[in-house]
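Once you scroll down, you'll see the structures, which are given as structure tokens.
In what comes next, chain A is part of two complexes: it sits with chain B in the first one and with chain C in the second one.
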Partner chain A sequence: MSYAIETRGLGRVLGKGFELRDVNLNVPTGSIYGFLGANGSGKTSTIRCLMGLLKASAGSIRVLGAEVPQQLPSALVRVGYVPEKLHLFEKLTVEEMIRFHSVAFEARWDAERGEALRREFRLRPDTKIQRLSKGEAGKLMMLLALAQRPELLILDEPTDGLDPVVRRDVLSAVLDYVADAGATVFISSHLVFELERICDWVGVLDAGTIVAELPMQVFKDGLKRLRVASAPAQLPDAPFVVLGRHTTLGSVEEWVVRGWNPSMQQWFDGASCELRDVIDLDLEEGFVELLRAARRREEGR
Partner chain B sequence: MFDRIDPRSPIPLYSQIANAVRGAVAAGELRAGDGLPSVRALAAELRVNPATVVQAYRELETEMLIDMRQGAGTFVREVPPERHTAERRREFRQRVRQLLDDAARLGLTATDVAEILRDETTRGRS
Partner chain C sequence: MNLYLALLRVQFGLTRPVWFGAVIAVIAAYATPHLTPSTFGAWREGGGDAGRLLSLSAVGGGILIVTALTMAFAAAASWAEEGSRNRGVYLMALPLERWHLAALEYAVAVTLILGVGLAMLIIGGAYAMFVSLPPGLHAYPVAIAVRTTGASLLVLSLMFPLSRLNVGAQQVTARTTVMLLVALAGLGLWVLLESMGVVSIARPVFRWAFSSGGPLHLWVGSWMLVDI
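Moving on, here comes the complex of A and B:
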């Protein structure tokens, strides 16, 4: 498998007691990769390292095969980047901003797509950037990123703070582009539900470290809530990972597990406890439980 | 037709999309020669990964239910009427299986289930 983004042991101190530590990302070429994490988990800093805007103090980074930062300039023209804090020139009009951006990409620039998106997003060419609403500015940034025909789109919380209608428009435009051009998308968000139907890979970052990276379907298939009667205190030989245990009414416990598959029901035949039910979790519940478990492990150190 | 697509369901999205098409064909909403939305349009509309739509369409193509013509679009194929009946039965059977799981969870026996089913079908007719 080839990777559009690959990091090995990426590290960087970000503040007092907060650092990126041993971040290993493997973003398959052609995938839509959801980069999940709570606010403040280090998503934006990781992305800034990928884009050469923040220098990593440890490890290596490859973006579209180019080593970052040494070979980045050659790859940058093939990367569409929508940062969390939009960089647009306040004094320019929409049309001027588009023209300014198009010059930097010369032959790659797809003027037709740019114009189609401008109409679709209902952006007037003569509006000054400073007069755009937050939603309109977000749409303009997306237009600029898509019309440069990127092989890789890096989107940092592209829908954060936008209303539902704008969120839909923006995501639909991204998917339309992907269907057309087959690009790789690396999209960070704390809005887990939004990524559930889009992504085929997920990476979960917590407190500066990757706690899970796997295909979305595997992640979803393996996450279950089990209802277990007369559960023992210790489970030394369980074939799945217990992320959390909660007692419910009576003697029944609820376990949230990872790495589940149906054949594991047999394990309960030999164990002293009894499996009552297997309940599916959605991505958001799974994500929350995964983070809770990671934090408990961290505190236990 | 794709209103019931639910990303939170444990059934993979591509199966849900394929099932929606199967259901619409079985119910006669889609007839032979009718066009399906392009991969691009359906992905953007449902806000799902285009690869997911491709996977659904490929599955339906393998079943000879649809025909993906390069450049022209995707169309429903001629399907013998027996297959519609088979398809309706297949879909209903799936729902019955889910119901039986629920029944087992509630501790009901096969006799209980059969009795309730008989009650309900006679009630529906009167």
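Moving on, here comes the complex of A and C:
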């Protein structure tokens, strides 16, 4: 498998008591990779390291096969980037900004797609960027990123704060582009439900560390809530990962597990406890339990 | 259109008041001696006092000194304002080597200052051509335009590397503030030690910097728009 983004042992001190630690990312080429994490978990800083905007203090970064920061320009010319906050020249008009961007990415610029997206997003060419609404600014940033025909789209909370209609427009444009160009998408968000619909890989960052990275289907399929009666205190040989457990009624416990499949029911016979129920979890519940488990592990160290 | 021209266009659009202001200041510098109520029209009628015109020309020279400094600081500061935030993020995400981006930004700043220099040459040339001066006095439009432009470019070249120091830093504002405070504290300490006679660095340093061949020599000498 080839990777559009690979980091090994990425580290960077970001503030008092907070740092990126040993971040290992493997974003498969052609995938839509959801980069999940709570607010302040280090997602934006990781992305800024990938884009060469922040210098990593440890580890290595490869983006589209290019070492960052040594070969940064050869990577950036193939990357469409939509940052978390508006980063454009606010005094320019939409048309002037598009023209500037088309010069900067001259070799790859798709003027036809740019114009089609401008019309689709209903952006008036003579409107100054500082007068755009948040939704319009988000659309303009997406237009610029898509019309440069990127092989990799790096989107940092691209729909945060947007209304549902605009969010749908923006994500539809991304999906249309991916269907057309087969690009890789690396999209960070804390809106789990949004990523659940579009991503085929997921990486979860918590407190500056990757706590899970796996195909979305595996993450979703294996995430279950189990109701277990007479559960033993220790589970040394469980074939699944117990993310959390708590007692509900009497001797019945609820376990949140990852890596579950139906054949594992047999394990309960040998463990002298009774499996009462298996309940599907959505990604958001799984995400929350995953973070809780990671934090418990961290506190236990 | 290449990236240099695109960046020039953008930067001119964003800092237009500075450059139009500079051109207006140049016009004001030339006009000042002639628009003073007590002297208005006097020289044209041949009744003016050459000494008074020279002293008023020195005021015009002072305006040019301020203009040269303002252009240099504004040109350098306009790239430093946001470092790796906001539009700084946009520029740093372009597929360019950092040195290439810095060179483009510097070239754009130089071009804008040269533009004002060219305007100054035209304004000074028109002045020399159309304004009657008392006998024995001459306008030096080329010399003063070259001096103003050169002095501004010199200060830009000193300030520009400072404006790039924060690029890539996370805490731009905090880091800049710390640097300025350290610089100010150092300057204060230096002045204190000089005044106490503990060290005597200022005079030799200034003598070297402003002497012929020194890096700031361009700033000394005549800033007169009209001279004998």
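One rule holds for everything that comes next: the second predicted complex is superposed on the first by the 301 of 301 C-alpha atoms of A that agree within 3 Å, B and C clash if a C-alpha of one lies under 4 Å from a C-alpha of the other, contacts with A are read in each partner's own complex, and residues count from 1 in each chain.
Note that in this section a residue touches a chain if its C-beta (ideal position, glycine included) is under 8 Å from a C-beta of that chain, and two chains touch if they have at least 3 such contacts.
Every value quoted in this text rests on a predicted model; they were computed, and no experiment measured them.
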item: Which of chain B and chain C A:F89 touches, first, second, both or neither; value: second
item: Touched partner set for A:R99, first chain B, second chain C, both or neither; value: second
item: Contacts of A:L14 with chain B and chain C, given as first, second, both or neither; value: second
item: Which of chain B and chain C A:L291 touches, first, second, both or neither; value: neither
item: Contacts of A:K55 with chain B and chain C, given as first, second, both or neither; value: second
item: First (chain B), second (chain C), both or neither touched by A:Y81; value: second
item: For the chain A and chain B complex, residues of the former touching the latter; value: 30, 32, 168, 171-173, 175-176, 178-180, 193, 196-200, 217, 220-221, 277, 280, 282-283
item: Chain C - residues contacting chain A, complex; value: 1-3, 5-7, 9-10, 13-14, 84-90, 92-97, 100, 168, 170
item: Touching residues on chain B, where the partner in the complex is chain A; value: 5, 7-10, 12-13, 39-40, 43-53, 105
item: Contacting residues of chain A [partner chain C, same complex]; value: 14, 51-55, 72-77, 79, 81, 83, 85-92, 96, 99-100, 103-105
